[in-house]
Amino acid sequence: MLLKNDQKQLLKRFKEVRYLTEQLTEPLETEDFVVQGMVDASPPKWHLAHTTWFFERFILKDHLPEYEELNPQFDYLFNSYYETIGPFHPRNQRGLLTRPTAREVFSYRNYVNAHIEKLLNNLPESKAELVLELLEIGLQHEQQHQELLLTDIKYNFSQNPLLPVYSESSEPSGINRRVFEMIPLDGGLAEIGHSGGDFCFDNESPRHKVYLEPFSLASHPVTNGEYLKFIEAGGYEKPEYWLSDGWAHIKKEGWNAPMYWFKAEDGWNSFTLGGQKKIGLDEPVCHVSFYEADAYARWAGKRLPTESEWEYALEDTVCDGNFVESRTFHPRSARSGNGKFHQAYGDVWEWTASAYSPYPGSKPLEGALGEYNAKFMCNQMVLRGGSCATSSSHIRSSYRNFFQPEKRWQFSGFRLAEDAE
Amino acid sequence: MLLKNDQKQLLKRFKEVRYLTEQLTEPLETEDFVVQGMVDASPPKWHLAHTTWFFERFILKDHLPEYEELNPQFDYLFNSYYETIGPFHPRNQRGLLTRPTAREVFSYRNYVNAHIEKLLNNLPESKAELVLELLEIGLQHEQQHQELLLTDIKYNFSQNPLLPVYSESSEPSGINRRVFEMIPLDGGLAEIGHSGGDFCFDNESPRHKVYLEPFSLASHPVTNGEYLKFIEAGGYEKPEYWLSDGWAHIKKEGWNAPMYWFKAEDGWNSFTLGGQKKIGLDEPVCHVSFYEADAYARWAGKRLPTESEWEYALEDTVCDGNFVESRTFHPRSARSGNGKFHQAYGDVWEWTASAYSPYPGSKPLEGALGEYNAKFMCNQMVLRGGSCATSSSHIRSSYRNFFQPEKRWQFSGFRLAEDAE
Amino acid sequence: MLLKNDQKQLLKRFKEVRYLTEQLTEPLETEDFVVQGMVDASPPKWHLAHTTWFFERFILKDHLPEYEELNPQFDYLFNSYYETIGPFHPRNQRGLLTRPTAREVFSYRNYVNAHIEKLLNNLPESKAELVLELLEIGLQHEQQHQELLLTDIKYNFSQNPLLPVYSESSEPSGINRRVFEMIPLDGGLAEIGHSGGDFCFDNESPRHKVYLEPFSLASHPVTNGEYLKFIEAGGYEKPEYWLSDGWAHIKKEGWNAPMYWFKAEDGWNSFTLGGQKKIGLDEPVCHVSFYEADAYARWAGKRLPTESEWEYALEDTVCDGNFVESRTFHPRSARSGNGKFHQAYGDVWEWTASAYSPYPGSKPLEGALGEYNAKFMCNQMVLRGGSCATSSSHIRSSYRNFFQPEKRWQFSGFRLAEDAE
Amino acid sequence: MLLKNDQKQLLKRFKEVRYLTEQLTEPLETEDFVVQGMVDASPPKWHLAHTTWFFERFILKDHLPEYEELNPQFDYLFNSYYETIGPFHPRNQRGLLTRPTAREVFSYRNYVNAHIEKLLNNLPESKAELVLELLEIGLQHEQQHQELLLTDIKYNFSQNPLLPVYSESSEPSGINRRVFEMIPLDGGLAEIGHSGGDFCFDNESPRHKVYLEPFSLASHPVTNGEYLKFIEAGGYEKPEYWLSDGWAHIKKEGWNAPMYWFKAEDGWNSFTLGGQKKIGLDEPVCHVSFYEADAYARWAGKRLPTESEWEYALEDTVCDGNFVESRTFHPRSARSGNGKFHQAYGDVWEWTASAYSPYPGSKPLEGALGEYNAKFMCNQMVLRGGSCATSSSHIRSSYRNFFQPEKRWQFSGFRLAEDAE
């Protein structure tokens, strides 16, 4: 039976995804699991528990009849923001919790994993479709938290003057070549949004028409070397390049370079998950905010693409690149490849010019899971394409990531666009 | 000569607009000119001076050769946010300046007015087009500040337990009738953006194509009576209606009704420029934030229109209504009129679902005036249609007003939309 | 009859004190009455009204039977901090009130003055003692606010880049001579606190014994010239001179000189009520916080005197000097005089090493007036001797002024002490 | 030789004190070592390391010639506030450091311990006196941090909804009897301050004369049962009992009971190091701020004693009681004992009415250790007598503890006093 096969497949995938999360914490000391370096960055322990709670709360409690929670208080501690489910522990206090310990959280994971397996092995046909759909959401959710796990560990480590190393990086060998060009595209009536029967989040559909003027899109993301010229040209000192909010923000925060950059004796260095290293001039610039991406584009006489333009241009580009599977945990230098556009997927998320808002005719999921995406559709900008911390099985051309324009602890870069002459 | 006539016309208009600003301050005591009730609300004195500085800085200093500033320090004090011109007095300290006095500011106005008149009377042909264009921008700018003058006075007065009255309001007589309906519109490839040779701001052009799905738009803005039902249904207590930022904001601020509403012995009252009064159930709801508009729409099972939908639907509706000329300084009750849509212009600005962003192919003005609009294109939502504090000569179907989603001291309401079935 | 005479005397004094308050506002424009430049500095209008309310609330309402308030809302608006009387308008919002206007406040003053006169002219003998005592408190209270009026105007004006002048200062003529010495005093069992039948505040009594070790006290307050040496020696850059809280405070605020000092082309200038002027090297240093006084003393190898030492040493020094009556509104250069100690009274308040705390056996006044002094006995330091903004009839050797250690908008300086060898 | 014996004794004491610190962390999970629940409360790991750094920095680096630091960065990470030594890691970021791990910190302790032992075993006579004095300061310092370790763990645990238990408490058995009385004392010329040759901190000397009026001092600290009556009498709702700062503070924080109290179904409970328990009515009230102690005293018609009164009255009382050695980690119920005053030492620190300020003629230690005590002599109140978290060998009648008046996470209570009639 087809369904049985699907279940097996999904169970296999469940185990793999769940295992990867734990594997990503392998380099950590027990102490590293506890800390919340800033409000945005949750403790690793919390990510491990919250993703587990997600399966417990949305699948086991509703669909495994005899299920008993391991600890009823976890429903309070590990709910992130689902208001309709009930009260939850304040986000800014996640780093105050030393208990449950990391070991106890691993037990919680095992407990829930075992019950998910039990459920899948005895799944009544009437429930199969719904449960498999929820399970897929849970796995996609966990993959998102795998990325956050890495970016949050990076942030936490960067706060420590000892600059701990998460994973020794192997320097990529070989000659890097990059032929930068602006690639023209016809506009006209186009379609964007998810199509086909694969999984997508509710914010990616429905597929719908948009009208695009002719435009060009860059073959590569902007590199550190290019960005450095912006810095050296006084980019951070000239208000004419900046949005008003952006200018106020960089002045308040004292920003004068991407996050994690600092000046050492041998010039600009950056803190990476492999420790401190000299910035690679051919690597895509990373850990910039939307404000910085937008200012760079204005300085360069270009602009950021809208998310429609991005998706329209890159929908047919093969979705491969430098993902979490490479275990470099850092964007790689540009290199020529087969096709017009490079590094569209993986390496760095790419800021677009589009505010995150609902697609025409879109419908959030019913119930609490409707809070997953739709309620953030305000004051956030869309990013596209995944990063070096994203799972390759998680990304697709229609995928919409979103962050506030001042955020930059994600692996975020950008690619330029311009109007046709 | 045509130009001469244009100049005469514009001089006449210059005098009228400049005079209206001063007329709007006629009910004020000297003390009322000084105060800044919150960072957003500038002192009336400042509005009077800043609008004057605008003409001095962008016209007289560049185009009247022998011009001498009345006081060179005013360039620091009354520059609002034009970073490229030079440093300026911090916005949050505008209310600390007792000098120049109101009387001195009026002298400043007269001084600049006289020099503008002098310039227009001796305008070399080579400069005519540019100067007239700048003058028009200056007048449109002053009309914007007339509206802010009223909303800021209202805010300032509301902070005083004595609840001062700005202008006694005459209660409108007559029977109000309203037949509410959702009016269906075909979608398809449409055009929005300014057309024709009249003045528009740089953010309204170019006219461009957009693709719209079929939708319906409400015949009237939502009324106080309707909004009251949302309140009584626990709208402010149920997170499922709210954007995440909105919910956080109303909880932090303790909001449970529109701004200026408070409960008196005889039920809900509101503070108006005519003093305290019972809320009018048939008046458009006013002084709500985008968050509240959006939450109401979700509760009502509908949504806000995008700005494209709004403009497409209302472009051909005659632009008349309850503007500042009516001197009611408050939205009026709904009444039936000739046409399908009512109160689209005047009464209340209408929040749309659209984030404020550049039109495809748009170009900001050159130089410092490019800072006028474009640099605010982030974290703001578009409002359309003008309000009871707007001049009738200032509004048009393509006009894009914009504020942060939590702001509500403007005369801001909204109108519902929904997807076609 | 003695009492009748007392009443006449007091009525005369009442009129004089009340008149002086208004006279001190004579240089102000109407706009100047409104502003609150920081939370500590109340608007001039508020001082005029609050001192009036004090007489209305504590005398007229209790002791003039038929008295009717001019406006019952003033009880809310102009109560400063008397919690036991009822709720009051938040201190940090005093500058938001444009109404009542200055003119209306002057009317309020006249109204209350007339009723006080009426009460005094018809005072039943049974009430005479109590009413006269309350009246004296009211006048002392008003004298305190006269000083605040001046320091608050100075602060407000200093916030304005136009640097308004309150009162043109006449430069003092003549040769200034100062022979600085540390004057030794025997210690032993001493007495401090108010004695005699004159008015004093409840915090000055009872007179009580203290044991003092032998010490020396400086003949003069520290001057600008001396303080400048501390600055030039890097005083503001060396943590070893500073209390922990003081060091944190100056770093947070970026202080590197006394308040109102700034560097001009010709060296250190300061903003005064007479406008901008070069600092006078022989003038007592002024507008320093306790932290700065304490750090200077440590740098100089000395210390601040305790309030017991100050009072013990200076109790018999004649209480004359540069008070508000001189209308210089600024400390004067040191000059030799007849006696060992100079400038003990007037010129600048002198910080002591003593935290403000109750005297042994002290009793606050009964009722709401008990809130006048006692409830501030925490986290404040005692200052002694009055300033150039103090009325000569207001100061005495036992007078205890008090402010938080970081405050410096008062005319505050200091005098050194040291232990006997 | 005497010195050799002293060295042996001190080495023994060194090992005991150092061992106790580690023993106190025995109930902790690894995760518990990391967290900083509020700025005041340092992570356990930090206490372990900082006390070790103290020996390294002030003894080994100066007096053990060939000494090499285990890690030079620890000088930055574990300096607390010694400005004159160099820059240090910001206090409010101590909880962000996951490395060095707890295990590494224990290694650091062992490393320094071994070197101290080495130094003591080879101590040149010329250095003996100085080194032994520094060692004693280091041990007293470590004992202070033992107390902070307990209060900080308590605070951290209280932030966790799981309410972890540090150490199961054994309920004390037996009948508690308490005969409360106010015990009169003659005043007159008295002496306070440390006397004799034992160790004391620089802030306890010199012994000096003070003049005291006759007064009475309570035989016992105020109990939970007594404090409850204050609460039930509306103590937290009536401003007349409170200092102005205190009233503002409790309203801002929403305090209505001592810290760690909360209402459960069976009435008032509190969180303790033994977990949640019903409050013991005969236990001294604990975890109150100075503001609360002062307000209670005013409500009770009494006052707090000055530190002179406290020391004068209790100097001859035997210094025994409920200290950390009892391992109850909680104040014990009052019981009658042999002597007039009870629970003066141990159980709870007792707030006094005295601001923390230098004794006449006092001299801070030379160099960086002069920062230990003197630089905090501002805005803090003195507490006396030690608590259930204090080592018995650490406390004495002249010991001056000090905290800001709003702090209450220490084991702080109070005892009443009053003026003689």
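As written, the chains take the letters A, B, C and D, and residue 1 is the first residue of each chain.
Throughout what follows, a contact is a pair of C-beta atoms (placed from the backbone, for glycine too) under 8 Å apart; a residue touches a chain by one contact, two chains touch by 3 or more.
Labels paired with UniProt names: A, B, C, D = Ergothioneine biosynthesis protein EgtB.
All values reported here derive from a predicted model rather than from experimental measurement.
**Student:** How many links in the shortest chain of touching chains run from subunit A to subunit D?
**Tutor:** 1
**Student:** Which chain's C-alpha centroid is most distant from that of subunit C?
**Tutor:** Most remote chain from subunit C, centroid-wise, comes out as A.
**Student:** Based only on mean CA positions, could you tell me how far subunit C sits from subunit D in angstrom?
**Tutor:** 38
**Student:** Between subunit B and subunit D, what's the gap in Å when you average each chain's C-alpha atoms?
**Tutor:** Each chain reduced to its C-alpha mean, subunit B and subunit D end up 60 Å apart.
**Student:** Indicate the whole-number Å distance between the mean C-alpha point of subunit B and the mean C-alpha point of subunit C.
**Tutor:** Their C-alpha centroids are separated by 47 Å.
**Student:** Two-or-more-chain contact residues of subunit A, please, as numbers and ranges.
**Tutor:** Not one residue of subunit A touches more than one other chain, so the list is empty.
**Student:** Can you identify all of the chain pairs that touch?
**Tutor:** A-B, A-D, B-C, C-D
**Student:** Touching subunit D in the complex: which residues of subunit C?
**Tutor:** Touch residues, subunit C against subunit D: 81, 83-84, 189, 208-213, 239-240, 242-247, 290-291, 294, 353-355, 357-358, 360-361, 370-371, 375-379, 405, 419.
**Student:** Quick one: in the complex, what on subunit D touches subunit A?
**Tutor:** Those residues of subunit D that touch subunit A are 29-35, 37, 45, 73, 76-77, 89, 93, 95-102, 156-157, 159-162, 164.
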